[in-house]
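You will see two complexes here that share subunit A, one where it goes with subunit B and one where it goes with subunit C.
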Partner chain A sequence: MEITSFHFLLFVLGVLIVYHLLPHRAQNYWLLIASYAFYVFWSWKFALLLLAATIFHFELAKRLRRDGKGRPILLWLGVGANVVLFVIFKASSFYLSRLVALLGQMGIQVGLDGLRIVIPLGLSYYVLQNISYLADVYRGQIPASTNWIDFALYLAYFPKMVAGPIERARTFLPILARPRWVDNRALSRSVILIFVGLTRKLLIADLMFAHFPWGAFAVEPEAFSKIELIGWLGIYAFALYNDFAGYTSIVRGVSGLFGIELSPNFNTPYFAKNFTEFWNRWHITLSHWLRDYIFFPVNRALARRFGTGNRWQTLVIPPMLTMLVSGFWHGPNWQMLLWGILHGLYLVGERLFMLRRQARPEGQKVRWPSWGSTLIVFILVVLAWVPFAVRIPTALSLWNQLLIGNVFGFRDQGLVFPLMVLIPAIWLDLAQYNKAEEIFFLRQSQFAQATILATAMILILVVTSSDAGQPFVYQGF
Partner chain B sequence: MPEEIKSTASDEYGKGGSFAIQKLNWRVLRLTLILLVGYIVLGESLFRLDIVRAGLTGPRIGSRHRQFEIQVARLEKLVDEGEPIDCIFLGNSMVWLGVNPLVVNQAFQEETGQEIHCFNFGVSALPASSAGKIATMLVKNYHPKVLIYGTFARDYAIPADADDAYVVSDTPWLKYQNGKFTLEGWLYAHSRAVQYKGHLHDFLLNIYLEDVFVQPEAPRYIAYGLDPKYDIRLDVRTAPDFESPDNRDPVKWLGHFEIRQENLDGLRQVVQQSDNGVQVIVIEMPFYNNAYDFFPNGKQDYESYFQQVDLITASNRTSFWQLDDQPSLSPESWWDYFHLNLQGADQFSQWLGSELADNYLQQGWEFSFSESH
Partner chain C sequence: MSDDVISKLSSFIASDILKQPGRELAPEAPLISSGLIDSFSLMDIALFVEDTFGVRIEDTELNSETFDTVKELEDLIESRQ
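Then we have the complex of A and B:
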């Protein structure tokens, strides 16, 4: 049941009608039933795994603290269990091929098909929620949940099941504990979020990806001129962003219809003026998770060991490690690790640059126009998307071509249409950036709202006339 | 949750339901609906203009069977361009790959001095039950003078809903053409906007562009429905390898061969088109000798199919052109055990054209063919 499908729409409507007829406590039971039904639709085995994980973390958290102190062994048991779960499923494609090769060398022939492990939907996301919950309880920041229904719903809540946002128990459980209402403002906000999300996903991301020359990139990257490569990489960057931002908008809108606000995940990331800001605008709930549970603890540990001065250990290790973990989370393979390393290097470089800048007298400080910083950050982010998108040999060829290729020249007219799609994509972001809020749409005149709605609706009807659109990219992580 | 929502809602609705919607502003929704209607009217008007349709392929009918959809689009395009349609070859992929209408015309013209404009309406994995429905639609919409149904045993073994991607019978447009009203069928039959929205879909998603825009460089026979498979895919002289999915899948229904009543009814529906003044001919489609091995009981199964077809065509006084009368085809003429390649298609089509000419001249068919444009 894809989020953009008609079946999902019917499912949400059905759940919604019953939900709003029920009293508050019964609503949580109903949402839990609906969430597991949604999950069973994908696979009952996934649902059983989620149920087991829920029971395990619920019981473990109750025992995490004793006499006002956290019990580190239990914390590491919980964290270790999640890491093992993640590695078993997520890294299977990475280690299984090597295991098969090793067994082959030992004379044992095993077909890879027989060993293939299907990754449970949303596993990467609820594993992080599990860890953050255990860590917060261990630190005494929140008490262990005593309400099994609310806790199970925190992990299983269907709008965020497929690809987040990665919610924290400290903000999500209180929402579940109190009564919720949906009024006119919440309704219109939710509907607009769903509509903007569908537009981003179906009319921007899917159309850009549909025109992307994957085959030509892999086979003959040298056939592209620099200007073409820059164009296509920019298209990829916006397609990926709109795909995930579209998903987040849709699920936030759907959740809003139940009176439950999910965390925002994107805030016009390509307008960031530095990399720290970029990570506060791109996949925000993951970035903040990494910050709170990897970066800060590592930084603190290193500061305790090496002092609070600007030692290279404290400058380099926290960002590099954080971004390596981010790369590993996206996919345990060399491509994602290279992507993580690049972003780690960007963050280290930025820290060094800022330190040097701070050390200079006020009069000698280099002044950048803000759009210049935005452009540099955007270009470097786009260059880092290359190994995210294609295998490493192809990525190296593309980077090489960017250095030595012809500046001008066009293989074909394939770029024209995606560049036209880029116009509404940029307009959407500019509108959001300037209004400094997501719901820029409601600020338009009623006629403009109706025109945008009608145009997008007719196009969405056309592009979904034979299927529900492509699966979300981040659904695969 | 926004503060505003909590503060306004909590007192009034604390003990009741959680849907706290008061009077809604319908103005934007009304405006949107008006604009949507405007877009539909605009689309309908645009696609009714010849100049807009000129560069596009023919209209779509909303079928899951893409090839069926494309065949209808090709046929519609020819009609739209004013090309006459004298005869239509109907059948499965053996017809689709095995009949070259241009060669048929050439052979026919050599003997009669008369042109015959045929369209190859071969559709992959077409059961006879669906062929009957298509035959009704073809006769009703295009009024051919000759309808030639190329048939094979597999057509009688496939259930109508055998394989999702190859189901023709559930197409609302086809149902509508067979007298069963559905809104979707009616829309595909009458609305240009609906017929051409598939073109916009494919263009936006960058798929099947050759089926969106007219390809001026495409060979003429493609416009007449023939799919050009130039090469020999299998050396048919070797015995079939039943383990190979390439061999097994296309003929999987032969593996549990049974003649289904719905398919015999489909054949009856085809031959009954003669009641509408159409000359109906049924042809036993050629296949390579060793292909009998695909049937569980070999030639015995094949004979049972043959007898049923013979019976139905005879009872309706429909011509049944059998394999015994057909030319022998060399191993180089085959794409695989059941399908001819372009060379084989030309040989077979040459014979078809001559047979048609002989029947026209000797049996006194009483109609004249259309003038070429």
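Then we have the complex of A and C:
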């Protein structure tokens, strides 16, 4: 049940009608039932896995602290269980072929098809939520939940199940515990978020991806000139961004209809002036999870051991390790690890550059225009998207082609239309960035808002009537 | 007490983080949200606070939502002493 499908719309409407007829405590029971129904639609087996994980973490957390102190063995048991679960399913493509080869050497013949492992829906996301919950309880930052329904709903809540946002128990459980109302402002905001999301997904991302020359790009990047490669990479960057940002807007809007606010995940990331800022604007909930549970703990431990200040241990290891974990999370394969390594190097390089110059004194004008920094960050981010999109040998060939390719060659192989779609995509983000507001057109007159929404609705109907749409990219992580 | 805390914090941030010992930081000036201090420096500040005032700032608290100015950091320290 894709969240852009008519079935999902009917599902949400059905859940919503009953939800708003129920008293507060019954609402959480209903949402939990609906969330598991949504999950069972994908796979009843993995719904059982989610249920087992929920029971495990609920019971483990209650035992994580004793006499006011955390019990590290239990914490590592919980973290280890999540890592093992993650590796078993996510890394299966990495180790299965090697396992089959090893079994073959032992005289045991097994066909790879018989061992194919399907990744449970949302596993990558709820594993991180499990770990953050255990860590926060262990540190005494939040008490272990004593409400099984609320805790189960925290993990299973259907709007965020597919691809996040990655919520923290310390903010989400209190929302579930208190009564919720949806006033007119919240309702209009939620509906508009849904339309913004559908616009990003169906009118920008899907149209761009539909025209992307996947075959030629993946097999023969040398066939493209430098200008064409730059054009396609720019399109890929915006398609990927709008695909995921669109998903997040839709689920935040849906969740808002239930009076439950989900965390934002994107804030015009391609306008970032440095990489630290980029990671505060791109996949924000994942970035902040990595910062809080990988970067800072590693940084703290190394600083205590080697001292604060500009030691190479604290300069290099925390960002490299954090981005390697990020790459591994996206996919335990060499492509994603390379992507992670690139971003780790960007962060280290940026830090070294910043250390060489003092902070700008108050009142001193900026010598370098901010758009210059934005452009450099954007170019480096786009270059790092290459292994995200294609295999490493192709990525190397593509980077090489960017350096030595034929600059002036240009053939219209479907590049013009996606470039035209890029214009409103950039305008949408530019307006959002300049007004520093996610739904900037709420400030416009009602007539303007109605016109924008009606136009978006018509375009969405036109586009979706002729095409089933593309699956969300981040649903696959 | 609070002036002393603010003074020590401002002095540390100016000299050790910004490398501008003479710089005066307004207690209400945004540090994190303005980009003046990044994630790398936040840990240095957290450890300085721990060593100087005996107050621990958790990893999940090292962000602008917990404190963004010297005054907010001072309030956090005093609330935990």
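The definition used in the following text is that the second predicted complex is superposed on the first by the 459 of 477 C-alpha atoms of A that agree within 3 Å, B and C clash if a C-alpha of one lies under 4 Å from a C-alpha of the other, contacts with A are read in each partner's own complex, and residues count from 1 in each chain.
Note that a residue touches a chain if its C-beta (ideal position, glycine included) is under 8 Å from a C-beta of that chain, and two chains touch if they have at least 3 such contacts.
Being a predicted model, the structure only gives us computed values, none of them experimental.
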In the superposed model built on subunit A, check whether subunit B and subunit C fit or clash. fit
If you stack the two complexes on chain A, which partner ends up touching A:Glu2: first (subunit B), second (subunit C), both, or neither? neither
Can A:Arg300 be said to touch subunit B (first), subunit C (second), both, or neither? second
Given the touch rule stated above, what does A:Arg351 touch, subunit B (first), subunit C (second), both, or neither? second
See if subunit A has more residues touched by subunit B or by subunit C, and give me that chain. B
Output check: A:Gln446 vs subunit B and subunit C. Expected answer is one of first, second, both, neither. What do you get? first
Lowest C-alpha to C-alpha distance for subunit C against subunit B (Å): 16
Overlap of the subunit B and subunit C interfaces on subunit A comprises residues none
Subunit C contacts subunit A in the complex at 16-20, 23, 35-36, 38-40, 42-44, 46-48, 58-60, 62-63
Using the touch definition from the top, list the residues of subunit A that touch subunit B in their complex. 19-21, 24, 27, 175, 179-187, 206-207, 210-211, 259-261, 417, 446-447, 449-451, 453-455, 457-459, 461-463, 465-466
For the complex, give me every residue of subunit B touching subunit A. 1-2, 4-6, 8-10, 13-14, 17-22, 24, 27-28, 31-32, 34-36, 38-40, 197-198, 200-201, 204-207
Taking the touch rule as given, give the residues of subunit A at its contact with subunit C in the complex, in rising order. 136, 139, 141, 168, 273-274, 276-277, 288, 291-293, 295-297, 299-300, 303-304, 308-309, 314-315, 318, 351, 354, 358-359, 361-362
